[in-house]
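Pasting the structures here.
The following pair of complexes shares a single chain, chain A, combined with chain B in the former and chain C in the latter.
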Partner chain A sequence: MPIHDQGYRRYGGTRAAVGRAWQVIAGAGIRSIIGKRAFIALMLFAWAPFLVRAVQIYVSANFQQAAFLAPKGETFREFLGQQGVFVFFVTIWIGAGLVANDRRANALQLYLSKPLTAAEYIAGKMAILFLFLAFVTWAPAMGLLLVQAIFAGSFAFIRNNAYLLPAITLFSLAQVLLASSTMLALSSLSKSSRFVGIMYAGLMFFTAALFQALRGITGSSSFAWLSPGDALEQLGDVIFRLEPRYDLSPAIAALAVVVLIVGSGVILARRVKGVEIVT
Partner chain B sequence: MLEMVHDASLPAAASAPPVADPVVQCDQLSVRYGKNWALRDVTAVFQPGAVGLLGPNGAGKSTLIKTLLGFVTPDKGTMRVLGLDVAAAPLEIRARVGYMPESDAHIPGMNAVSFVAYCGQLSGLPPADAMQRAHEVLYYVGLGEARYRNLETYSTGMKQRIKLAQAIVHDPDLLFLDEPTNGMDPKGRDEMLELIRDLAHNKNVNLILSSHLLPDVEYTCDHVVVVDKGTVATSGPIQALKGPRGRVYELRIKGDQAGFIDVLRHAGFDCHDTDEDVIRVFVPGTPMAPGPGPQMARTGSIVAHDPDPGARMLFQLAARERVQVRHLRPSVPTLEDVFARAVGEA
Partner chain C sequence: MSIGFWGASRRVFDLSLGEMLWSRRTIFMALVVGGPVVLALIVRALDMFGMSALRVNGRAVGGIGIFGVMIWMLFLRFIVPVLAVFYGTALMADEVEDKTLTYLFTRPIPRGAVLVGKYLAYVACTMLVVLPAVMLVYFLVVPFREVPGTFTSLVTDLGLLGLGLAVYGAVFAFVGAFFKRPLVLGLVFTFGWEPTVMVLPGYLKQFTIAYYLQALVPHAMPSEGITSLLQGFFRETPPMAASLAWLGTFAIVFLWLATRAVERREYVLEQ
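Right after this comes the complex of A and B.
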């Protein structure tokens, strides 16, 4: 049918099966974010540590005097820990408006009047954040492993540290899931993306401050589960087979992370609705 | 179109048998918000075509639509839309219906054509088809020249049109329109009503138009459901609900009013006087379609381009009784009369 025909006519073409709308939401969201130059600059900046580490690996592989810079399993753990800063900023930049802007524009009723469920809507929105967060955590960490193999000219390091592949994947997944689900839940609570950003920053800083205050008072770091960031760090140490930094059972740290993710899911299930009922 | 007539006082013609499978069926539907019943035992059958959902603010019109869309879970009752159970197949239903919400709604950061194409894709259209239809429907609703403008710069009237465009981009079998003329200027409102009428009568799109504006419903729809306080007050074809075939005349005479009323009654007309010295006379059998009625000068002569048998009979009676007619005007029953009668405001 030509576009120049300006009348309304019945549609006789194909229709996609129900259940794929989340891909449409994710695709549209990703395209709209990629179109922002400032965000591209942030993403490039987020890859700066990768470049530094790549140079470190290159130097250690090619210069005997710099052998002490050779990467270890701990290097990748440190790298992902450093990327936490970018996870924080990317989460706020992208995530704050994901649901809040739709709520401000009453778009939820439009979305949910289409053949898609609230779960698909959430999946689509989460996929946007998930992708960009994975791009600043999992992708550069895996890239570093590859760079190491290329500069060393062998896969010996990877073979000897085979646990790094699942460790990087698991810890990145925990980082990304925690950040994206928490942010999405907060985003569903307000119609203002700025307020959501402040809430997220407040949650992270306040819980960290609370933990440090309790640590200072009690002299014990067993309250690390109160701070999502610190619980995640504790979990990271365990995943990378390092000495845990806090006096906290890894199971409790994992439970704290899981509870936050599940709690976020519950909030989202309650808030993402086609109609807001005030009784 | 509506199979059931709930008001027993309404004429039998309103309960005409259905002509096709109903597009919407509600059976004992009840919805409660907290302690308040928004809908209470609503039972109605909507046949294909254009059906107006009339009612005062807070009557439950929007709740009914949102319940049919699956946004609200009913406390009791069953619903079928396009033959599918709302509780069992909500996604299949939503793939075949379009919804134009009452409140301002858009997806932020998009221009009109991206927004409408996006809605098409969400409804299952392939990207190329969605974009093509987005252009088509934007021209159809009158936004062709503004289709690359950001939605946030649109006026209220344009936002109403874009909501209609997103609702029809995937070519739904059934359209839910919730107060589609809200906030529009008179010209925009007329154009919107033309679009709705065209969709229903020329494009064969079934639609349910929720409105508290009687003229909007009367112009676009053939059938109506009147909702009041969460219940169906009445429903049926608009023409049938307006009353039996015939015409009511407002008559003012100079002379013995009581005597002339007796004469009229003897002649078989149903009539009564009002507080303002006006006699209301029902003349059966005359067409009740709106149109130019008999115009009368003070001399009593009719200047009518279309003979009106009812008026002529009244004039003949007046001439026979030597009563001077000072005023004669046909009073055409409107949907407003039906509405007022149904919600008890008559």
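Right after this comes the complex of A and C.
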């Protein structure tokens, strides 16, 4: 049919129920990221520590001389701590442009003029980051538990350390939520993804450096709440039933993390709007 | 009428310095260097009320000790590399993102002069913000009676921070001009490669800038945390002349490579 013959036609497709449009945003984002080879390489690299730990578990389960390598609850805490570096780089790689690029292309108004609420838009964008971050934290940690059971040929370790299942889930959730909400909030503040990336690095490393400087000056680690990363580490120790590493109440550490997540939510609610008043 | 390489660089420098100084990025930079100043103000306030902040084995430690900790922890390990990543990788990438590179490249000047001019503007801009902040921190933290005996260490600190900004800036100018994802690579180098290699024994640390830069620091390295302890354990200090020579070589080589990359690369602006 020639194009000039086409007049108004009713939309013939189906309309997603309210509250499900975030899946469209998330699906499109995930597909575009999976298509990048360099990112796949980063994800594979992020699983390298899993392989090392799996070999460690295998050796400890099969050779008496290497029994000292046998995993403990602490092993899983250390593993998740080590994954922090990958959480940082994956967050910057994926998250920096999530909202910033839409703001740069003035696409936010376009998105929100569709049957899509701001909350759905934010949920969709966060789901992208959440999925990939869970893939480098929760998934390999749970995989290690499974590998332990397979190599040991029994569920005794898991039964004796049943707290590990909720501990891994809770700490991974805290890691992923903190990184994704902070990054998304920063991404909504600028139109340049590079600026967002550096702001995130600044937030994480500058606060850590500030805490270390204060620690060096005062000799006390009670200022760990200043650094989101260190507050999270303190929280992680408590979740895994280990001796906390800093002189900081776990409640304050949890509060610091919650304040950052809630603050990020407030920023997102204010910044992701369908109209922009240009002054 | 065409002008020479250095004349062109000077023109780009004039243009870029104003843009860099009066931009929103300067606010970010001011916030970053404002942190140590606020910290110094707190230390000063504590000192005024007779509560010395730094204590080792129960004894109060002098202001120069606190200043040394701040130089190590905040300026050398964080502020200098981060500002270099931020500005260095953006020298060309900003023009590409804003689609204004065409206006610069269609001028009758060598392409490399654009980068060199912008690089010099970055060095001037960051030094204009960072070095006064260091001086402010010094005068807030170090008591007046200690100034005559410690002033040379302040001058050394200012010199090495300036050198650090110049060398890191040259490296990241090359990264920004050559690679597609300069920021991620810059952050991997700064917060991945350098800290990891610095705590390892062997020769790998010679492929960092921090190794040579830290050799010039007149203050003792703080030993807080396992990383600092390991670094202290495996620390080798190259001679000052060798450090200066290597840092100078890095700056020149990377700036030359960056210039070459800009001269040869075909930048495709997204439509």
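In the analysis below, the second predicted complex is superposed on the first by the 267 of 279 C-alpha atoms of A that agree within 3 Å, B and C clash if a C-alpha of one lies under 4 Å from a C-alpha of the other, contacts with A are read in each partner's own complex, and residues count from 1 in each chain.
Basically, a residue touches a chain if its C-beta (ideal position, glycine included) is under 8 Å from a C-beta of that chain, and two chains touch if they have at least 3 such contacts.
Owing to the predicted nature of the structure, the values given are computational and were not obtained by experimental measurement.
Colleague: For A:G274, decide between first (touching chain B), second (touching chain C), both and neither.
Modeller: In the superposed model, A:G274 contacts chain B only, not chain C.
Colleague: Looking at the overlay, what does A:R15 touch: chain B (first), chain C (second), both, or neither?
Modeller: So A:R15 only meets chain B here.
Colleague: Which partner chains sit in contact with A:L210 here, chain B, chain C, both or neither? Use first/second/both/neither.
Modeller: second
Colleague: Kindly classify A:V266 by the partners it touches after superposition: chain B alone (first), chain C alone (second), both, or neither?
Modeller: neither
Colleague: For A:L255, is the partner it touches chain B (first), chain C (second), both, or none of the two (neither)?
Modeller: After superposition on chain A, A:L255 lies in contact with neither partner.
Colleague: Give one of first, second, both or neither to describe whether A:A107 is in contact with chain B, with chain C, with both, or with none.
Modeller: first
Colleague: Once chain A of both complexes is superposed, is A:T117 in touch with chain B (first), chain C (second), both, or neither?
Modeller: So A:T117 only meets chain B here.
Colleague: Let me check the overlay on chain A: which residues of chain A are in contact with chain B and also with chain C?
Modeller: none
Colleague: Under the definition above, what is the set of chain A residues touching chain B in their complex?
Modeller: These residues of chain A touch chain B: 1, 3, 5-11, 13-18, 20-21, 24-25, 28, 32, 97, 101-102, 104-107, 109-117, 273-275, 277, 279.
Colleague: For the complex, which residues does chain B have touching chain A?
Modeller: Contact set of chain B toward chain A: 33-36, 66, 69-72, 91-92, 94-95, 97-99, 101, 103-109, 118-119, 121-126, 129, 132-133, 135-137, 139-140, 144, 166, 168, 170-171, 198-199, 203-204.
Colleague: If we count contacts the way the header does, which residues on chain A are in touch with chain C in the complex?
Modeller: 38, 85, 88-89, 92-93, 96, 192, 194-195, 197-199, 201-202, 205-206, 209-210, 212-219
Colleague: Can you name the residues of chain C that touch chain A in the complex?
Modeller: Residues 25, 28, 32, 35-36, 39, 43, 53-56, 66, 69-70, 73-74, 77-78, 82, 85-86, 89-90, 93, 97, 181-184, 187-188, 191-192, 222, 224-225.
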